[in-house]
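Sharing a structure with you now.
Labels A, B, C, D, E and F are assigned to the chains in the order they are written; within every chain, residues are numbered from 1.
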Amino acid sequence: MTNLHGDEAHPAHIGLPTYLHLPYARDAQELKESGADVAILGAPVDMGVVARPGARFGPRAIREASYFTASRAPLYHLGLDLNPLDHVKVVDFGDANCPPSSLELSHEAVRQKVTEALGAGTIPVILGGDHSITLPSATAVAEHYGIGNVGIVHFDAHADTGHSGSGGVLISHGSPMRRLIESGAVPGKNFIQLGLRGYWPPKETFVWMQEQGMRWHLMSEFESRGFEPVLRDAIAEALDGPDYLYLSVDIDVADPGFAPGTGTPEPGGLTSGELLQAVRRIVSSDVTLVAMDVVEVAPPYDGPGQITAQLAHRVVMEAISGLAKKRADAGE
Amino acid sequence: MTNLHGDEAHPAHIGLPTYLHLPYARDAQELKESGADVAILGAPVDMGVVARPGARFGPRAIREASYFTASRAPLYHLGLDLNPLDHVKVVDFGDANCPPSSLELSHEAVRQKVTEALGAGTIPVILGGDHSITLPSATAVAEHYGIGNVGIVHFDAHADTGHSGSGGVLISHGSPMRRLIESGAVPGKNFIQLGLRGYWPPKETFVWMQEQGMRWHLMSEFESRGFEPVLRDAIAEALDGPDYLYLSVDIDVADPGFAPGTGTPEPGGLTSGELLQAVRRIVSSDVTLVAMDVVEVAPPYDGPGQITAQLAHRVVMEAISGLAKKRADAGE
Amino acid sequence: MTNLHGDEAHPAHIGLPTYLHLPYARDAQELKESGADVAILGAPVDMGVVARPGARFGPRAIREASYFTASRAPLYHLGLDLNPLDHVKVVDFGDANCPPSSLELSHEAVRQKVTEALGAGTIPVILGGDHSITLPSATAVAEHYGIGNVGIVHFDAHADTGHSGSGGVLISHGSPMRRLIESGAVPGKNFIQLGLRGYWPPKETFVWMQEQGMRWHLMSEFESRGFEPVLRDAIAEALDGPDYLYLSVDIDVADPGFAPGTGTPEPGGLTSGELLQAVRRIVSSDVTLVAMDVVEVAPPYDGPGQITAQLAHRVVMEAISGLAKKRADAGE
Amino acid sequence: MTNLHGDEAHPAHIGLPTYLHLPYARDAQELKESGADVAILGAPVDMGVVARPGARFGPRAIREASYFTASRAPLYHLGLDLNPLDHVKVVDFGDANCPPSSLELSHEAVRQKVTEALGAGTIPVILGGDHSITLPSATAVAEHYGIGNVGIVHFDAHADTGHSGSGGVLISHGSPMRRLIESGAVPGKNFIQLGLRGYWPPKETFVWMQEQGMRWHLMSEFESRGFEPVLRDAIAEALDGPDYLYLSVDIDVADPGFAPGTGTPEPGGLTSGELLQAVRRIVSSDVTLVAMDVVEVAPPYDGPGQITAQLAHRVVMEAISGLAKKRADAGE
Amino acid sequence: MTNLHGDEAHPAHIGLPTYLHLPYARDAQELKESGADVAILGAPVDMGVVARPGARFGPRAIREASYFTASRAPLYHLGLDLNPLDHVKVVDFGDANCPPSSLELSHEAVRQKVTEALGAGTIPVILGGDHSITLPSATAVAEHYGIGNVGIVHFDAHADTGHSGSGGVLISHGSPMRRLIESGAVPGKNFIQLGLRGYWPPKETFVWMQEQGMRWHLMSEFESRGFEPVLRDAIAEALDGPDYLYLSVDIDVADPGFAPGTGTPEPGGLTSGELLQAVRRIVSSDVTLVAMDVVEVAPPYDGPGQITAQLAHRVVMEAISGLAKKRADAGE
Amino acid sequence: MTNLHGDEAHPAHIGLPTYLHLPYARDAQELKESGADVAILGAPVDMGVVARPGARFGPRAIREASYFTASRAPLYHLGLDLNPLDHVKVVDFGDANCPPSSLELSHEAVRQKVTEALGAGTIPVILGGDHSITLPSATAVAEHYGIGNVGIVHFDAHADTGHSGSGGVLISHGSPMRRLIESGAVPGKNFIQLGLRGYWPPKETFVWMQEQGMRWHLMSEFESRGFEPVLRDAIAEALDGPDYLYLSVDIDVADPGFAPGTGTPEPGGLTSGELLQAVRRIVSSDVTLVAMDVVEVAPPYDGPGQITAQLAHRVVMEAISGLAKKRADAGE
C-alpha cells in the first residue's frame, strides 16, 4: 500500500486524486497487506449505454468531486457523531483496466478486479461506469460468497432487465440484471429494485420479472407508503434467503435536478437527501454488506458544478459511514 | 402520414427526431387521414421574451430530449400499468413556420397550425416557444370549440397578465393571458392559474385579474392546503361553465433546480415529481382536454444535461398517459 | 445618490446593473443623503476559498441575475401582498474595493465599506464573495452596535469554525466564525448555525464550539422537528442577550441541485423554497435585523442558467420583503 | 458626467461595468458637457436574428469582458506607444432603451440614442445587438452628416442585403444594408463589404448589389491579394464621394475559432489579429470616422472563456487607439 | 423521396433537421427514384473511441449546425459563383441503424447503408461517428467499385493504422486504416494521409505503413512546401492506379481552436479556411469522387457555439460545391 | 519512484493521472534515485490573479488533458522521428503543497519543491498555477545555478513587470518578473519577453524595463520580421552572459481562440502551431535548459473541449522532445 500524499495535509485539488486522498494499493497483494476493510475501485466503462456515453470518466470525477479529503482534517460525520475512517479502513484500489471498444474485455477486467478485492478480504465499492458493470461485479461477488447467497438492493429509475437492446445486443446497461438472474448468480426473488419510474421497460419485461420472483418498489410507493417501511421491506426481501447484501446505486434514481450528469435521466426521482439517508439506513441496519456499486455518473453532462459526481461521492461516504456506525456501536 | 423510421427499432439519437420517433404528418390532410388523437406540434418562437431568449429551440430540444422512443420498445407507464400509445394515437405534426423577427406573423403561423390540428380532429399539444404563443393557440382553440366554452388551467410562476411591456408593447410573453381575456376568447372566471410566486406582476394587475373574475392559486397555497384540494378546485373553477379544457404549462412553474433552462426562472417552485403528478391528475380526471401547451423551454440555458427539455418531454408524456388511462378505464 | 437609469422602465439586461436598477450611492455621503434603509454592497473576494474560487464574481452575478427590476414595473410580493420598496428604501452602494491577491487588504476594504453603510444609517446587505468576508463584516457591525450586542443566525452546510487551514492559515472561508468568537465580536452563545451537514469540521472543532456555548441545528433536525420550531429556537438563541441580529446566508446551505454554483457544495441541503421561507420568516419576526450577508455564489460553476445567482438574489428580496412586511404591519 | 468609480483603482470585476470603468453620461446633456470625443453606447437588441438569439446581452458582455480598466492603471497601446485615452476622451453613454418584443421600437430607440450622441459632438461607438441595428444607427449618422455624405466599410461574413426574410419580413439582421441603400441614406457605391464568404445571400442579391454600385471584397480576396491592398481599396471606395466614414464590424467576420459566440458563425474567416490590425489600419488612416458599430456578439454561445466578447472589446480598443494615433501624430 | 418541409421557406431551427432541409429518402428504393447524385447519411457510432465518446451525436449535430438551408433561399457559393444544388442533387438518406453496445453490428449497419447508397447510384457522404466507420464504409465502396480500384485521401491528425488497442482490441478508431489495407480493400500505396502530427502512432507502425507503400504528408510538410504542391502530390498518389477516390476527413485534422468538439484533439493543425480550401480543391480537380466521410465530431465537447459541427457541415458543403463546379464547367 | 500503473497499457482516463502515466516520485529521495532527467511538478496556485481565478486546477487538468500516455504505446514524435522518452527520463514529482488563502506560503512551497527537484539533478517542469509562481520557481533556479547565471525566455501576452497591483499589493501575477529583477535573481538584460501585446503594462513600466536592460519582442515583431530571426535573437539575448536558460510559457501568449481557458486572455496572439514550434526550436538549440514553467491554464474557462489544457500539455511535450532531439543528435 502506498501513501502518495506524504504526511502533510493536502487540499483536494493538490496531488494525485485517490479517493479522499487515501492510500493506494497497486495490486491485490498490497491491498491484502493493507488490512483494508473497503476497497474503492473504478470501472471506467461506458460502451454499454444506449443514449449518452461518458460514464467512463465517472470514477475519476467521483474521486475528484470532494472538497474534503482524509489528509486535510479528520473526517467527522455530523449526523452519526464519528469519524468513519476511525472504524473502517478504506484503501483506493485503482481502476479495472477496461479496454475501450470491447465491452466483453472490459467486463472481464471488472470481474477480475472485483474478485481480487474480495480475495483481499475487502468490501469492494465499485465506481462506474455504466450499469452494465453490475453484471461482472455482482457475478464475482456471487462466485465469492456462494451462488444464490447474495441478495441485491438496487436503486434505479430503470429496471435494467431488458432482454436485449437494438440489434439483439445482449450485453448493455439495459440488461445486466436479467443476465444476473438468468445465470443464477442472484436469485430473482432476492433482487429488489427501488425507485423505478417512467416508461421503461415494457410490460412483458415486468411479466418476466414477476416470473422470476423479483420484487420492486416504484418511486410512487415511496410517496404513498413513506420511506422507512419501503426500505425495511426491501432489506427483508433481499435477504429472504441469502446471507449477504450487494447494494447497487444507479445515480439516476435521484431526480435529474440533483443528478443531471447521467446518461438516461428520468424526472420525478429521489432528492439527494433521500438517497443519502436511504443508503446509510440500509448499510447501518442488520445486514452484511459485501459489495456496492455507484454507477452512471457521466461527467460530460454534469455541468461546471459537477453536482452529480458530488452526490455519487457522498453516496459512497454514507455507505462507509453506515458501516462505521455499526462497528462503532459494536465497539469495533 | 409518414413513418420516417422504418420497421426497425431505433435508439433516440438515430434518425429524424420526430416526437418519440412516431410518424410524421406533413400537412393537415395527412394528419386527418392518420386518425391521430393527439398532434404534437412546435411553436418555435421567442421574440416575446423580456429576458433570456432561446425558446425557439424548445420544440426541437423537447423532441430530442427523450432517451426512449416508441420505435425502440413498447412504452409502458409504470405507475398506470399501460402503454399510453395503445390507447392514444399520437402523430408528429411538425412545427408552425414562424418567421423570425416578426412576432405577429409567428403568432399567425401558430394560430393556423393549431387550427389545422383541430380541424383534423386531434388534440394539439404545442411545444413552445415562449408563452406568448398561448395567445394564438388558445384563440384558435376557442374559435374551434366556441368562444367562452373553453376554460384554461395554467401552470406558471408568473400570471402573464401584464397590460404591456417596455415601450407599451402589447404582445409579448408577459401579457398573452390578458389579451385572451380582453378578446373574450376565454372567460376570465375560467382562467385558473397555479403556482404563481415571486414579485410580478404588480398589484394593479392582480386587481384587474380580480375584476375579470380570474382565480389563482399561489405556490404557497399548495404548501398550506396540499396538492389534491387545490387541483380539484382548479379543475372545478376552469370548467365552471365551459365544456372544454386547455392546459398550459410554463416550465418555469417548476423550481429552477428542476428547470434551469428557461427565460425567467423563479426560485421556490414545484418539484418535477409534483408537476408530473399534477398534469396526469388533471388530464385523467373527468375533463375534456382539447389542447395543451408546454412552453418556455430555453435550451441555451439548460446546461449539458438538458434536464429542462427532459422535464417538458415528460409533462407531455404524462398528459398522453392521463388520456390513455381514461380511455383504458372506459374500455377504449 | 444617483439614478443611473432615467425615468423610463428598463428591462434588466439594459443599462448598468445596480441591484434591481435602483439608485446608486457613490460614497457614504450620498448614501446618507439618500435616506436609504438598506444598502446593497458587494464584497468581491474569493481568496479565502479552500476549493473552487470564483465568488469574486458573485456580487455582479447576483445583481444581474434578476429578470425583474424596480424600474420596469412596481414590484409586488405575491405572498405578502405588498411592494417591498414602498416600505423599505433600498440603494445600491457599490462594491468594496478589494485588492486581488491580498485577503487582508480585501477584508479591510469590506470592513470599511460596511462601517460606512452603518454610519449612513442603513442595514448593509453584503453580497459575497466567499464566507471569509463575514469576519470583517460582522466585526464592523459589532463595533457599530456594541461588542457582544449582536447575535448571528448563520445558514450554512459548514460551521466555518476551523482553527486554521492548510499550512496553518488563519484567515480563510473555513474559519471566520471562529475568529469572530475569539475576538469577542460575537458571543459564542449567540452564534447560531442552521443546516450543518456532511463530514466537516472535525469533532474537536465541535468540542471547541460547544465550549464557546455555540448552538447549532443540523440539517437532520429540520427534518425531524420541522422548520418552524427550529427557526423559533434559533431566533431565541441568537437574541438571548443581544439586541441586534446579523443574518449570514451561505448559499451552500441549499442543496447543490438548487445551488450548484458554489465552492464547496454539500448534497442533502435545503430546497430553494425552504431557504426563502426561512429568511422571510426570520426577518419578519420580532427581531432587529442590522445586517445581512449572502455569500459563496461562484458563477463559474453555476452553468448557463445561473440559478444559484438567482436564488441568492431572491434571498435578498425575501429579507427586504420581510422588513417591509413588519413595517407595513406597523403602519410604516 | 458621472464618475461611478471614485479615485481609487478598481479591478474590472469590481464596481459598475461601464466601458473600461470610464465615466458615465446619463443623458445627452451630461454627454455634451463631458467634452467626450467618443461615446460608447449599447444597442441591446436581438429580435432581428434568423438563427441563434442572445445578442441583446452583447453590450453588457463586451463591457465586462476586459480584464483591464482605465481606472486600474494608465492604458498603454504597446504597438502604438501611447495611451489612447490621453488623446481621445471616451465616455460611456449607456444603452438605448430597446423594448423587447418590438424590433421597430427598438430601432427607434437606437436611432434616437445615436442621434443624441452625435448631437453631443461625439463619435458614437455602438455595441450590438444584432446587425439590424446598423439600419437605425447609420440612418441617424447619415441624417446628421448629410444623406449621401457617409460611406460605410462593413466587415462581415454576410452581405446582409437580403430583400426580406421568411414570411416577407423586411426588418431583420439579414437586410439592414439593403434598407440603408434603398432609403438613400448611404450611396450604394460607397457601401464596401469585406470578408464575405459562404453560401449566402443568393446570386440575385449580388446582382442587385451590383446594380447599386456596391463593392465587396471576398475573404478569398484577402488571401489572394493580401490585406493592405484590399484595405486601401476599401477605404478609397467608401470615400469615393462622401466625406465621412462609418465602420461596421460584424464579429462573425472573424472565424468561429476566434468568435464562437455569435448567431450565424461561418467558418473560414479572419483571425483575431487580422481583424484588429484591419480596424486600427482603417481608423488611423486619412479618414474621418464619424461612427462605428460592433455587432452580433451573442454571449450564450460564447462558452465560459467569453472570448468573442473579448475580441469585440479589443475591436473597439483598436478603433479608439487608431483615433488616438492620428491625433498624437497631429500633435493633439 | 419525401419532402418533409413543404414549399415554404423554413429557417434552420424549424421542422425536421434533414441536411439543409433537403428531401429525405426513407429507403434505397426512394433514394434511387430520387435521382440523387449525393446521399447524405449518418453513422452514429462512437464505441470505437479510445478517449472521449460522443461522436454518436455527430450526424444530428452536423445536420443541425447550419443556419442556412436549401429551403430558405437559393444557396450561392460566393467563391465559385454558383448554386451547388443547381448542379448536384443531394438527398438525405438518414442514418445507419447502429445498435449501441455493439461495434460489430454497428459496422455491419454502416456497411449495408453505404452499399445501398452506392446501389442507388449516389455518392455517399457519411457523417460520423468515430473514425472506425471508415472500415465498413470504405470496404463497401471498394466492393462496389472493385477491390484495389479505389484510392483514399485521408485528412487526419492521426494515422489510425494501429495494430490493436488496449487489450488487443482489433476494431476501434485507432486501427481502421490498417484493417482496410490488410483486407486488401484499399492498396497501401493508394492510401494517402495528410495533416499527421503529434506523438502517435509509434515508430513501428510507421515502419509497417512504409512496408505497405503508404504515403503520408505531415502537417509540417504543408508548412514547408505549401498547400498546393502537397495536395497535388496527394491526389496523384491516391490515384496512382485506382480510378476512384474516397475522401476521408477526420475533423481533428483541424486545430483544436477550430474544432474543439472531438475525441482526441491534437494542437498544431489546419485552420478552418485551409481545410475547406483543401477539400474543395481536391474534389473539384480531375478525380472521380465516389464517396466521402466526415468523422469524429463529438458534440458534448464542442461548447455552446458548436463550431466543430459547423466546420464539419461546411466540409461537406465544399465537397458538394467542388462537384458542382466541375459539372458547371462541363456544362452539366 | 513508484510505478502506479503496472505493466499493462492504460488509456489515459484509467488509473491515477500522473503525467503521461509515468512513474511517480513521492519525495526528493525517490526522485533522485529514479535517475530522472525531467521532473514534472505542479504549482496549484491562483491567488495571484487579478481577474479570473481557477489556475489552481491547472496542474491536474494538464496531466489529464492528453489522450495518449507513455503506458499505452511507445510515444513517437512524428516531426523529430524519435520517442522522446527513449532519450529523456521523465518522472512525475507531484505538486507543491500550496496552502489556499496564502500566496506567501504557496510561493514558499513552490520554491522548496523546485529546489528539491533541482537537488535531485532534474530539470523541473512546473505546471502552473498563475504566473506569480515564476517568482519562487525562478528564484530557486537562480539560487541553484548561481545568481545572475540564468537567463529567462518568457512567452506571454503581458510583461508581468508591474510595480504593484490594486492596493499596493506587491506579489501577484502582474509583477513576478519585476520582483525577480529587483531581487537580482535574474539580470534584467537576460530577461527576454516574447509575444507582448495589448494595453498593459503602462508606459512607465516599459521605461523601468528599459532601465533594467530588459529586452522584448512584441507580437507584431513576429509578424514583421518572421519567427526564426526573433527566436534567434531572444536566445542570444537571454544567454548573453548567463550559462543557463529558464523557459517560462504563459499560455495566454497564444491567441484566445487556441487558449480560451486562461485568466486574462488577449486577442491577437500566437497560433498553437507557432507556439509549439517556438518551444521546440528554443529547447533543441544550443542552450542549457535548466527549468521551465507553463502557467495560467484556468480550466473553469476552458469549455468542455479543454483545449487550453491540451495545448499546455503539448508545450511540455515539445520541450521534452526538443531535449530528446539534442541528446539523440549527440548520440545519447
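In this section, contacts are C-beta pairs under 8 Å (C-beta built on N, C-alpha and C of every residue); 3 or more make two chains touch, one makes a residue touch a chain.
Everything quoted here is computed from the prediction, not taken from an experiment.
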Item to complete: Name, by label, each chain that touches both members of the pair chain C and chain E.
Response: A, B, D, F
Worksheet item: Is the number of contacting C-beta pairs greater for D-F or for B-E?
Response: D-F
Item to complete: Calculate how many whole Å lie between the centre of chain E and the centre of chain F, each centre taken as the average of the chain's C-alpha atoms.
Response: 38
Discussion item. With centres defined as the mean C-alpha position, give me the chain B-chain D separation in Å.
Written reply: 40
Worksheet item: What parts of chain D, by residue number, touch at least two of the other chains?
Response: 8, 10-11, 13, 50-52, 56, 97, 99-100, 166, 255, 257-258, 300-301, 303-304
Practice prompt. Could you list each pair of chains that touch one another?
Written response: A-B, A-C, A-E, A-F, B-C, B-D, B-E, C-D, C-F, D-E, D-F, E-F
Worksheet item: Touching chain C in the complex: which residues of chain B?
Response: 50-52, 162, 166, 196-206, 218-220, 223, 255-258, 260-269, 300-303
Discussion item. If we count contacts the way the header does, which residues on chain F are in touch with chain A in the complex?
Written reply: 2-4, 6, 8, 10-11, 13-18, 24, 26-27, 42, 44, 56-57, 60, 64, 94-100, 300, 304
Fill in: In the complex with chain A, residue positions of chain B that touch it
8-13, 67-68, 72-79, 81, 83-84, 255, 257-258, 271-273, 276, 303-307, 310-311, 314, 317
Fill in: Interface residues, chain D side, partner chain B - complex
46-54, 56, 97, 99-103, 105, 109, 132, 165-169, 171-173, 300-301
